[in-house]
Amino acid sequence: MKVLLTGFDPFGGESINPAYQAVKQLPDTIAQAQVIKLELPTSFAGSAQKLEQAMQQHQPDLVICVGQAGGRACITVEKVAINLAEARIPDNDGKQPVDEPICTDGPTAYFSNLPIKAMVQQMQQAGIPAAVSYTAGTYVCNSIFYHLMYTIEKEYPTVRGGFIHVPYESGQVIGKAANTPFMSEAMMVQGLQEAITAALCCKQESKTAMGETH
Amino acid sequence: MKVLLTGFDPFGGESINPAYQAVKQLPDTIAQAQVIKLELPTSFAGSAQKLEQAMQQHQPDLVICVGQAGGRACITVEKVAINLAEARIPDNDGKQPVDEPICTDGPTAYFSNLPIKAMVQQMQQAGIPAAVSYTAGTYVCNSIFYHLMYTIEKEYPTVRGGFIHVPYESGQVIGKAANTPFMSEAMMVQGLQEAITAALCCKQESKTAMGETH
Amino acid sequence: MKVLLTGFDPFGGESINPAYQAVKQLPDTIAQAQVIKLELPTSFAGSAQKLEQAMQQHQPDLVICVGQAGGRACITVEKVAINLAEARIPDNDGKQPVDEPICTDGPTAYFSNLPIKAMVQQMQQAGIPAAVSYTAGTYVCNSIFYHLMYTIEKEYPTVRGGFIHVPYESGQVIGKAANTPFMSEAMMVQGLQEAITAALCCKQESKTAMGETH
Amino acid sequence: MKVLLTGFDPFGGESINPAYQAVKQLPDTIAQAQVIKLELPTSFAGSAQKLEQAMQQHQPDLVICVGQAGGRACITVEKVAINLAEARIPDNDGKQPVDEPICTDGPTAYFSNLPIKAMVQQMQQAGIPAAVSYTAGTYVCNSIFYHLMYTIEKEYPTVRGGFIHVPYESGQVIGKAANTPFMSEAMMVQGLQEAITAALCCKQESKTAMGETH
């Protein structure tokens, strides 16, 4: 088994992005699966292109993209990617789409086909706050998640894919408003490892996962 | 033109539901359109059935369902309904679906085909805090929104439909945690009237509204 | 009976301050007491000076200062003023004290000698969200509250005084983050009137009000 | 130099209290000072009695009490203790004071005489989110803090004392609302150690610390 993990580079004036910081600290083998780590640009166009290339090159069985959701307190596993790009700030290429579909020939949305509840439960059992989320926003995180599921549907129907959001890392909130939630990098790394293990091992599929409502 | 407006009855231990309280105070004519008001039960099955009957009976041009999102501070116009029923508390029929599709033959999601940004903007210009929301949750609010868009797609392709969430009403937060946001009923009524006016009058359709990504 | 009500002018980049906007809309007579309304500058030094002049000129029986606490959802009646000036942004005179006592010969803190729980309760019974607060911050609001109680203790021992914080007014949060709480100006006006009525009429004093712990 | 550190036992239905959990994991020597650790009961009366006994027995130079502030995201060093006991839930002895002074012959409030800004700064420099707080509430945390400063003023005028609040520990928020902030126990332990080191080593006293405004 082969797992492709991606994390974004910094954006929005932050000097780090804990998503890739955490991804790159994960071991090279999780639950006997080989782990490939990839940094993606925070760019609507660039991230999609680089993800597709990596999927073609590595032919992974499982793809999980990781991004940052500043303001959330716990690790969230996303249920749904929507066919909408709407940016309040420009991406790292200076592009700021407003009310644009991501793929003009794609459906309105995809559900992740990962066992997202099992992933959340396994993180919680390891003592790591986690939850299912029903919106990945409308920025590059949602866009790469949508692209991933679109690519899976069109070209790699046996691949499983999904998206995980991590909170601000502790260092990022120093200087922000005092009540801004955060998570230590060590806990993010541990949480991702638990989630990936659950995604690899869990056979209990969601009744509403990707393929079943089409 | 004919507008069908719905609001839910109370649930979750609350003695009122400001959604229908606000709906029933709206005038019977808005922007020269006739306004029909309907209370729906907070029931996954019952709400869908009652909405379909009302659409058949009244043949509206525009349908807007209104529900409560306790904890939100402003009026939110929903972009997307997802094909998922997941309830943390039973509905008023005692039903508590977990990870169930709403319509087994429906797509993963629908976008509203209303001019939701124009609706938000018109409320804001009238001094009423409002925003677009990208998740209507997974309870009866999302369910009726999904049913509405499914019914429109299958049976009434020229009808326009959407969903609006209102905050707690001021009286509801007395006794709750001190920082729980709320809105006065008078402001909800004014906000809904502005939103409906924009939905009726605005010609500027979203580029990603319902039909276009199919 | 004579009541002196004060509200601040705008600060921190806001174009209005709902504190004085609400104060100036109150009737000129509340519960048979004459109401005098005064706008104070958002200035550590200037506000204290203007308040003292007004107290000397009008000889009020009751003084309530009103300020804005952006981010709070309900009207809060303050319990305690502390002898500390600590400003994250300059006041409207460009002064930005850091870790300074307000009155070098004053005590560490004063409690309000108003019946603050009765005031909160009367607002709530009128349907207006309200709470007791145990911190008025360290900016000009706390400073004028401290000055008021210091002046009462030194010069007007029979006068009763306190401080009320109001949330952002609805128009102020348009353009802010979508979940920023607010209150309509109409509700602020009604809430202040209820609170003043309770302050004038309630005989049930707090066991820990100003004089009793000295 | 001798440091007395206290932490409370669990209350309010929680099975642990991270305050004492973190305290007891600290080393027995910090910055060459001997560290004495004491668990206090979450009881208005019992905590004060046990603290006084320990101060008499150990004759510490520095006393820091640690408690939990569920809902805060970072470690907060408290500035002010107020002479007010007001409990929304009974303490662990079943006592629920309402609007009671803590010490009938005490002043309205005490400021901590610790270098609280230096403590916050040292935690932040170590990458640990921290802030000054201007309210310790009105429950047992504020009460023990007030008792400590009162005891220092009356009996141990050279002793320095203060109070630190820690957030929920990660395990406590699993099962709570998804956006409840928390901190890992490891980070709390590291934060407390940094704060104690700053309290021991920093000579830069606050201009408004305890003694100076009396």
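Just so it is clear, A, B, C and D label the chains in written order, and each chain counts residues from 1 on its own.
Operating definition for what follows: a contact is a pair of C-beta atoms (placed from the backbone, for glycine too) under 8 Å apart; a residue touches a chain by one contact, two chains touch by 3 or more.
Given the structure is predicted, the values throughout are model-derived calculations rather than measurements.
With centres computed as the average of Cα coordinates, no chain lies farther from chain C than A. Inter-chain spacing, taken between the CA centroids of chain A and chain C, is 47 Å.
Centroids built from CA atoms put chain D at 29 Å from chain C.
The mean-CA centres of chain B and chain C are about 39 angstrom from one another, to the nearest whole unit. The residues of chain B never reach two or more other chains; the list is empty.
Contact topology of the protein chains: cyclic, one closed ring where each chain has exactly two touching partners. Put simply, chain C touches chain D in their complex at residues 79-80, 82-84, 99-101, 104, 106-111, 117, 134-135, 137-138, 206-208, 210, 212-214.
If you check the complex, the residues on chain C that touch chain B are 72-74, 76, 124, 127-129, 131, 170-171, 173-174, 178-182, 184, 186-187.
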